[in-house]
Amino acid sequence: MGEFRMPALGADMEQGTLTEWLVHPGDHVSKGDPVAVIETAKSDIEVECFEDGVVSALLAEPGTVLPVGAPLALITSEAETGAVPPVADERAVSRSGEPTASPEPPVAPDILEPAPPPADTVTSPLVRHLAQDKHVDLATVRGTGRGGRITRHDVERAAAPPVRIRATPMARRLASEAGIDLAAVTGTGDAGAVRGADVRGWAAAHPAPDGRREAADHVPKAATAAPHRATSGPATDGPGARDQRRETMRSAIAALMARSQREIPHYYLSRTVDLARAMAWLNAHNRDCPVSRRLLPACLLLKAAARGAREVPELNGHWADGRFHPADTVRLGVAIAVRGGGLVAPVLVDADEDTLPHLMSRLKDLANRARTGRLKSSETGAPTITVTSIGDRGADAVYGVIHPPQVALVGFGAIQDRPCAVDGLLGIRPTVIATLAGDHRASDGATGARYLAAVERLLQQPEEL
Amino acid sequence: MREALTADDRVFLMGEDVGKYGGAFGVSLGLLEEFGPERIRDTPLSEAAFVGAGIGAAIAGLRPIVEVMTVNFSLLALDQVLNNAATLLHMSGGQVSVPIVLRMTTGAGRQLAAQHSHSLEGWYAHIPGIRVLAPATPADARDMLAPALADPDPVVIFEHGSLYNTSSDLSATHHRRADIFSAAVRRQGDDVSLITYGGSLPKALAAADRLAADRVSAEVIDLRSLRPLDDATIMASVRHTNHVVVVDEGWRTGSLAAEISARICEQAFYELDAPVERVCSAEVPIPYARHMEEAALPSTGNIVRAALRTVGRNG
Amino acid sequence: MSTARKKSPKNEATRRGVGSSRTARPRPRSGARNDGEAEDKHRHELLAAMLLIRRFEERCVELYSASAIRGFVHLYIGEEAVAVGVTQALEPADAVVSTYREHGHALARGVPAEAVLAEMYGKVSGCSRGRGGSMHLFDAGRRFYGGNAIVGGGLPVAAGLALAEKLRDTTNVVCCFFGDGAFAEGEFHETANLAALWNLPLLLACENNRYAMGTPLTAEHAQTDLAMRASSYGMPAWAVDGMDVLAVEQAARRAVDGIRAGHGPHFLELRTYRFRAHSMYDPDRYRDKAEIERWRTRDPLTVLGTLMRTLGELHDEEYADMERDAAEAVARAESFAEEALLEPTADLLRFVHSEDQVARHGDDNGHQQQAEHGDDVPGGVA
């Protein structure tokens, strides 16, 4: 039995208002399904649940204001509801009632013949909405939920029947990490099996014009489910779980950073970059934009860092097995401090090719979800270079610790007006101190210097970014 | 062995024809003259008795090196190895340790037919309480002995018959103690891991050469220690290449190759880009006729074909 | 009060283990025998040692029935004269390798009854930390290298222990107990040959109790004169009445003296009989009850007791004291075993490899134990 609780949807959120339920008791929900709309100080947000199961009770009425962590609904896992739905129960009873029949164990539901859907098939608004979207006639759908109810999965299966995709374990892992639908990839392996190289090839040939790959959770479940993964029990997301997660994160950071200092011979370079042109361009751009679409300086810095990594590929990749493996694309890790301590470095895939406005929206989205622990698996996999920017926290410069197996870490300090020699005169200009921590096994100082020079040059031409 | 006998007077060698004859394969030639019959001890053809005697001497604090002519003959002493050498420490609650080193020849390839050619390393590697080593190079054969003697517990060393006649320059300055715990990467590669040991190592290296000509870069892992297995090295290689061929001269069913494959599935399943391939001996007693014997054993050609299959090139 | 007894240095040195802690008590003498008081005292010790083994094992039967002891339990009842007699000839530096019917050997060799019974209870205070049980009693400190439960399996190991003594040029002897069943094993014949060939200081103490489990000697051996067959390996060998502890002791001393003098292995066929079934599982359907009763008249306790009474050395009151001492020793062992602790299951994987090796390299299960690093070559036991 899991509790669906009032989520924390922002660093400063302490309470929220339940505006609307998107599910009803008895509905089957899957991990990631939106189940309720919550109004926060900033906006209305559709919130999702974190486990598979059946909604067994709604504990709060719409309109109620509740603190973060308050239970909103009870979700019962499949295991707890019992493997035998009522329909099967009836059949089992009638069989064992026959005197000649030998006793048999209850028949597992998936080998029952399809039961006709009850006349009053109950579906949640969510499921009806989905059916409408996908042009699925609910009357033709066989319900697998409690009491034969039609679930989201049933609709999805009716819209696109699942195909067991032949793929190697490695291909499945790569696709899942990169958010690639295996069904889209042509397999070249035995009997058309998708292999690791096929996924990589597909990824290289499809650089995702909008900067986003199809999220991994849209891949049909059959294609992504691990063969042996046991159904985990219902997880709670209460304060205890959060503390535990924080502790886990801390020890993960500890292990990674200790390994980095132990194994990586770091070298450090810095460069003070004049941001006068960049800030002027940014201000001009932002004047013409609605607030929601305004760009932050961080966006420019990240874009420049990503473009720089493309220009200096010696810093973009991984150190493994005693040598450097350059990466084909720039997967920019962005170090984000997490509320309550710790940090995560989710990935902006192909940040070097994204437009600034789109990059900005991705960044906001990513930061928000990173801080609330809502990252998709495709956003946590293997960055090729990481940027840390703690400028707004007050440091002039940051000399970072490289995240192995990456070979470089880029740091941006606070953007500040500083005295600065310009054209032979002393001027006051907005500047930022860009730094590079490099892995001396993979590259030398000259390479690092080339990278910082590139970042500086790029930041002098903001309109090109 | 000469070094070990010189360095430690607790060390002595015994086995069938190790003295006057110089060892069935000439391994101990000249030692009798140098160390005398007390320490270079010819035994009657009584495998159980002299292996057991080695165990008893080890319990008493000596450091016997006991040579059994071939692994097939060692079955006569398997009772002593399993029920005493491997068991006494545990059964006595830690009181009685058995620092014995047991050497034996294994493997086929010399037309010795079905009672002198088998590879039963996997049987021994099944037994907790003993360490099982398989040197595949002359340097390892020499350098593993000292740490094996230093080990307070029983160590079984399998020397593949086909390797006795390989030679390499073991210069006098070459005096290192090999570690007897880890596998060695004998050749680095990117596309497929050839995991093997003992007499199959030269075949795997030859296969790697041929694969290189086909632009397939093969990594060759020499297990060296068959118990315990060096999972870390195996898995690191699997993670790097994502394709695996296990080469094992033992029979396929219930083999070391089976154990290694299972461990890879347990520990590196999501790194696999193809099913693990196994190249093992055919499930027949090893025949005498050369062409039949060759057909029964792993060959360079078999390894190359398995490697190409696993990387998706049906060459 | 009798006259002050002089302690015989020889007997002080040779006797050990059970009974040795009993203080000699003065007692009236009526016989006119001139055995000497040392012999008198020694016979008391032999009787007490056998009595302790008897009472200990009788209690084991009860404890087994009460499920306090499990596994296989092979009782020595009837054969006590062999263990007690043979060990009289051994010095502390000598080594013993035994069988799975070894409670008597362990007790006669001085392994404390507490440690033996705790072992049978599976407790960590047992002489093998509960890892061995009834069939695998070990005490490396007393050079007692175990109950070996593979028939004949201990023989080659004993030869190896003897080889080490020879290579070290000591006068120590290794005594290996085994049965008439083991005499049929190849390992016996390989070992006998090897020991004779290499002139090893090995006492082959064959306990011929006439049954290999349920198979009588005559159904097992084409030639049932085992001593004669052993002598064919070129070693001194003779048969002894294994129900007479004094005869056993005398034979063992003769053999051990020969071994220490460098005459190589000796073989003793100790003709004895077990009064109980092969093990606690054994319904004992293969023996005639009358046969058992016949042998019971030769009970080693009766044989020695009768002699001592005849000599006027043993009186009812004394025997009652002896019984009480044995009962108290068994009771002490029992309460020790009851109160002893079980080993935590977290220790399951210990002692598969020596601890310092595990600490350094992990065990086969991928565990690394936090033990102190020992030196490079931790020696064996000796």
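General remarks:
Residue numbering begins at 1 within each chain, and the chains themselves are lettered A, B and C in the order written.
Here, contacts are C-beta pairs under 8 Å (C-beta built on N, C-alpha and C of every residue); 3 or more make two chains touch, one makes a residue touch a chain.
Keep in mind it's a predicted model, so treat the numbers as computed, not measured.
Farthest from chain A in terms of Cα centroid separation is C.
Between B-C and A-B, more C-beta contact pairs are found at B-C. Closest to the middle of the protein, by Cα centroid, lies chain B. Separation between the centroids of chain A and chain C, computed from CA atoms only, is 72 Å. Between chain B and chain C, the centres computed from C-alpha atoms are 40 Å apart.
The distance from the centre of chain A to the centre of chain B, each centre being the mean of the chain's C-alpha atoms, comes to 48 Å.
Residues of chain A touching chain B in their complex: 168-173, 188-190, 195-197, 226, 228, 320-321. Residue ranges of chain B in contact with chain A, taken from their complex: 188, 236, 240, 242, 269-274, 312. Of all the residues in chain B, the ones that touch chain C in their complex are 12, 38-39, 41, 43-44, 46, 48-62, 64, 79-80, 83-84, 88-99, 128-129, 131, 149-153, 181, 227-228, 231. By the touch criterion given at the top, residues 95, 97, 126-132, 136, 138-141, 145-146, 148, 150, 153, 155-165, 167, 174, 186-187, 190-191, 193-194, 197-198, 350-357, 361-364, 366, 376-382 of chain C touch chain B in their complex.
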